[in-house]
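Each chain carries a letter (A, B, C and D) given by its place in the written order, and its residues are counted from 1.
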């Protein structure tokens, strides 16, 4: 491993340790690393502002692209310049007299966002509604649980295979009692949780109160599950950092093992 | 202070110290972990293995070094399959400006491995291209759904000769007219780009599959169970599942749907999954212990109070 | 009509011009002048017209997506085709505009970044001048910010054009590329990862403190979390399931299989967690939709449409 | 064949494609209708939301201790309704703080958020007639990089020793960093994330948490503005509509699949047309049901429309050039 890489690793390790020290308590070392972090971040934001956003999305479209090796080139569309003054109106926010101007670019951004909500709502939730419409009554009772689909014997004849396929299709199509029960739980959970988020109704009467209470409990099950599955990632990232410090830097870098 | 109170009030830094030790030591020891892959991961592997040779998949690579632990494992596993099955890949990113470079580096590392084993490299421009970064994820997904030619229009990548040319002249994209020409759209993400993509690309005739970090897992699972996703690998467990299947494939009894799907036994299938998964066990055990200790402490001090 | 926008096969018209031509530059300058004029015009707009103006602008911007959603979209449109009638020409127009309009948010937000930087400078320069106790750290912040900016742009310039290809390989790097790599990859990215991984510690302490069998809810939360965590531990799961296989004699058809840890946690996730999240998301989604409506139509007093 | 299809037909309305616009429209109508109802002075009921009552208490405590109230309106890339909503709640907090002339700190993740934040908070001070008391630096841009922001905010939390913290809006992984840091300095925490995946962490570490769209209900509950209250009622109608649709779907599918004995079908819908099932009848699947087909539009590949080709158009056969 060359010295540059080692040095780079070392820097990374120092920064990592610096940030970790906050776990004990806020200290000058952390404060230093924190401010370097913030500085680099905003510096980088300034760089990407042009290199990643404005140049490609705005400038190039405004002035166009010269034709080069085979590509015919793209003409510029001057109207894009109008976005500049609109954007600059935001800078009036500090003016006592004209600060309302800053609401124009913000208004545009908000308007676009709002319109998009209307456009994407169904794309997002339609399929989920469709999927929630699960059958809650068994269509067969020849087995309580979902049976295993048959496995075709090796070298099975075509019609044997056909039978197997048909049987598999039948099993996957059927709704067995346990499936029905699961679906019932699913639908109930969904409705209970929804009812928990009704704000304009007085929760009166055994049924409604029971519904919302169970809604809240079912929510907690959901949250517990989320917590559980999230934990994995968090620890993985920590392990990865430890691998970075001990193996990549110390073992492979310094000790060259 | 009674034992109960002691158990209930372990200072944070002690816990933290223990965690550091627990997360470090096992890294130095090789521990094989028995495991059975989860269904979404099996579906993912099956789907990938059934993509015909020579076809192109679209990959949204939206991860960077900060989630290296999980996403890099996902990416490597995916790429190993594509490389070995000679499937072409078009990589774009709407998650982070750095993502394309990170992806290129990751492929570089894998090519290094191939070189070491005397295999031909997975060649940029001929086997894979990066069309770069798109700052606005929503817009990007919309554009891709509407018209790939426009979405990636004007983007260039470098040929082996080092000249930059329009991506649509590359073997990877030359036959791509619309998004449904891709055999699969794969999203590897550590952020919401997964949902954003589904909302806008689902139903445009291309199969979707995802590799997401543990956090995005719960959010993505509904999409898998509603059939909007052909496969899903979640977090380190997902990585480990894939690496296991890379080694031994899908064995009978593992999945009624796929039956038997071959793996690549003996190939370099070891990745982050195999490296980190054992350590993860120790960390999770520590977490559970901490919870138990806390509750025991509470029980004890309650008894005392009573 | 759609000639206002970038097209698949652009023809020159009033709205565009070839790259680098003076014609285009003049158009751009006129456009800029118009824009600046607009600013001054608005500055002198009477107070009572201000709210309507903002409301109007907001409405128009939102209207685009609403039209895109509701206005009949062209059926089976192929590249290069011309609209048959007025309706189609409108729908073609919306189609072409889509890719352009979706970028406005990014562009405008980008143009506002200066305000953020101004805020930073304001806070930290003030600290330095007033020799606030943490003034040194403010210096650190500003210095690293400027260095990153300069190095970043410099490096970017070296990577443009043909040279960019060769720079994918560190062998051809110059000092500036190394510095940028050091600051960005070596420091910034490493710090990201470090800060991200710090969460693991907090999870431990939070779980230790909060996961107590206090109330029904807390207990439910705790129990589910534990089941899922255990199911994520391949070893535990393997042993548990192995035990069950022992009971069933590996009979795949057996009922007992449902007691497998993976099965339980899968059931919990698919059935309860899936449904619960969906329940929340329906609510949140509708909330966002309603909020969107209120902002779009400036029904809300305050932030959205202005006072 | 189908060139006689009117261009008013609209690609998105073909087959069952009319459902999405219709459904969305219905929801919008519910909301607007109720906003009208509320506007006409009809006072509508809202149930109390635990956690919101804690706001005053939290600010009060901060005042006693003479320590600042720290607020973070989420990590949205730019201003959107979520940010606006968070700022609406914060303006309520800031108003109380202003009255007690208690220091506040609003940490912004992006420049647009900072812009709106300045505006909103300054307005609050002006409305309270305390314009001169407003310190522009109390609304700060920290960083638009997720973990730099996290580091910065926890630094500020630890140094300023905030007594009350409000984290509301879009929060992701960093939520727990904020929550635990604030907890370690003993601040009262009221939090809410529109990301259901982050809520459990807030629940674990914070004193009060607004779950799901309680967040959207908050400002209606706090301000009692007719518009907000009305829209909240409208949202309830929308939720009921969704619930009802799902319920109907459940029953319809259950019946159509044939409770007790699984039904077979001889016809299936493919490419927006009903065709006979090849190889005789097959068991009906959930995809064959009326409701699921209503919710999934099928497109007909045979539907082609002849249009004149733009003479200047060069087909991109070479793949390049676009």
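Just so it is clear, contacts are C-beta pairs under 8 Å (C-beta built on N, C-alpha and C of every residue); 3 or more make two chains touch, one makes a residue touch a chain.
As the structure is a prediction and not an experimental result, all values here were calculated from the model.
K.L.:
Of the chains shown, whose Cα mean is nearest the mean of all protein Cα atoms?
P.N.:
Looking at where each chain's C-alpha mean falls, the closest to the middle is A.
K.L.:
Two chains share more C-beta contact pairs than any other pair here; which two are they?
P.N.:
Top of the contact-pair ranking: A-C.
K.L.:
Among the chains, which is located farthest from chain C on the basis of C-alpha centroids?
P.N.:
Of all chains, B has its centre farthest from that of chain C.
K.L.:
Mind checking the centre-to-centre distance between chain A and chain D? Centres are C-alpha means, answer in whole Å.
P.N.:
Those two chain centres are 14 Å apart.
K.L.:
Centroid of chain B to centroid of chain C, CA atoms only: how many Å?
P.N.:
Result: the chain centres lie 20 Å from each other.
K.L.:
If I count partner chains per residue in chain D, which residues reach a count of at least 2?
P.N.:
Answer for chain D, listing residues that touch two or more other chains: 21, 24, 27-28, 78, 81, 84, 112, 115-116, 119, 136, 144-145, 147-148, 151, 159, 173, 196-197, 199-201, 203-204, 211-213, 217, 232, 235, 239, 242, 296, 316, 320-322.
K.L.:
Indicate the residues of chain C shared as contacts by at least two other chains.
P.N.:
If we look for residues of chain C contacting two or more partner chains, we find 8, 69, 79, 103, 105-106, 108-109, 112-117, 120, 134, 185, 188, 190-193, 195-201, 203, 205, 207, 209, 211, 221-222, 226, 229, 232, 252, 269-270, 273-274, 277-283, 288-289, 291-293, 295, 304.
K.L.:
Where does chain B touch two or more other chains at once, residue-wise?
P.N.:
Residues 12, 16, 19, 23, 66-69, 135-136, 138, 149-150, 153-154, 163-166, 169, 203, 215, 218-219, 222, 225, 235, 237, 280, 283-284, 287.
K.L.:
Spell out the part of chain B that touches chain C in their complex, as residue ranges.
P.N.:
That would be residues 10, 12, 15-16, 19, 23, 33-36, 38-39, 64-69, 98, 104, 135-136, 138-139, 142-143, 146, 149-151, 153, 158, 162-164, 218-219, 221-222, 225, 235, 237, 240, 253, 277, 280-281, 283-288, 290-291, 293-295, 298 of chain B.
K.L.:
Of all residues in chain A, which touch chain D in the complex?
P.N.:
Within the complex, chain A contacts chain D at residues 19, 22, 25-26, 30-31, 33-34, 37-38, 40-42, 44-45, 70-72, 90, 93-94, 99, 102-103, 105-106, 109-110, 113-114, 117-118, 121-123, 125-127, 129-130, 132-141, 169-170, 172-175, 183, 187, 190-191, 194-195, 197-203, 219, 222-224, 226-227, 230, 234.
K.L.:
Enumerate the contact residues on chain B facing chain D in the complex.
P.N.:
12, 66, 149-150, 153-154, 165-166, 168-169, 173-174, 191, 203, 215-216, 218-219
K.L.:
Going by the contact rule at the top, pick out the chain A residues touching chain C in the complex.
P.N.:
My answer: residues 4, 7-9, 11-13, 15-16, 19-20, 22-23, 31-47, 49-51, 53-54, 57-58, 61-67, 73-79, 81-91, 93, 98, 100-101, 103-105, 107-119, 121, 124-125, 128, 132, 144-145, 147-148, 178, 182, 185-187, 189-194, 196-197, 215-232, 234-235, 237-238, 240-241, 244.
K.L.:
For a test of understanding, state which residues of chain D touch chain A in their complex under the given definition.
P.N.:
19-21, 23-24, 27-28, 44-47, 49, 78-81, 84, 112, 115-116, 118-119, 122, 136, 142-145, 147-149, 151-152, 154-155, 158-159, 173, 196-197, 199-201, 203-204, 211-214, 217, 220-221, 232-233, 235-236, 239-240, 242-243, 245-247, 249-250, 252-254, 257-263, 282-286, 289, 291-292, 295-296, 320-321
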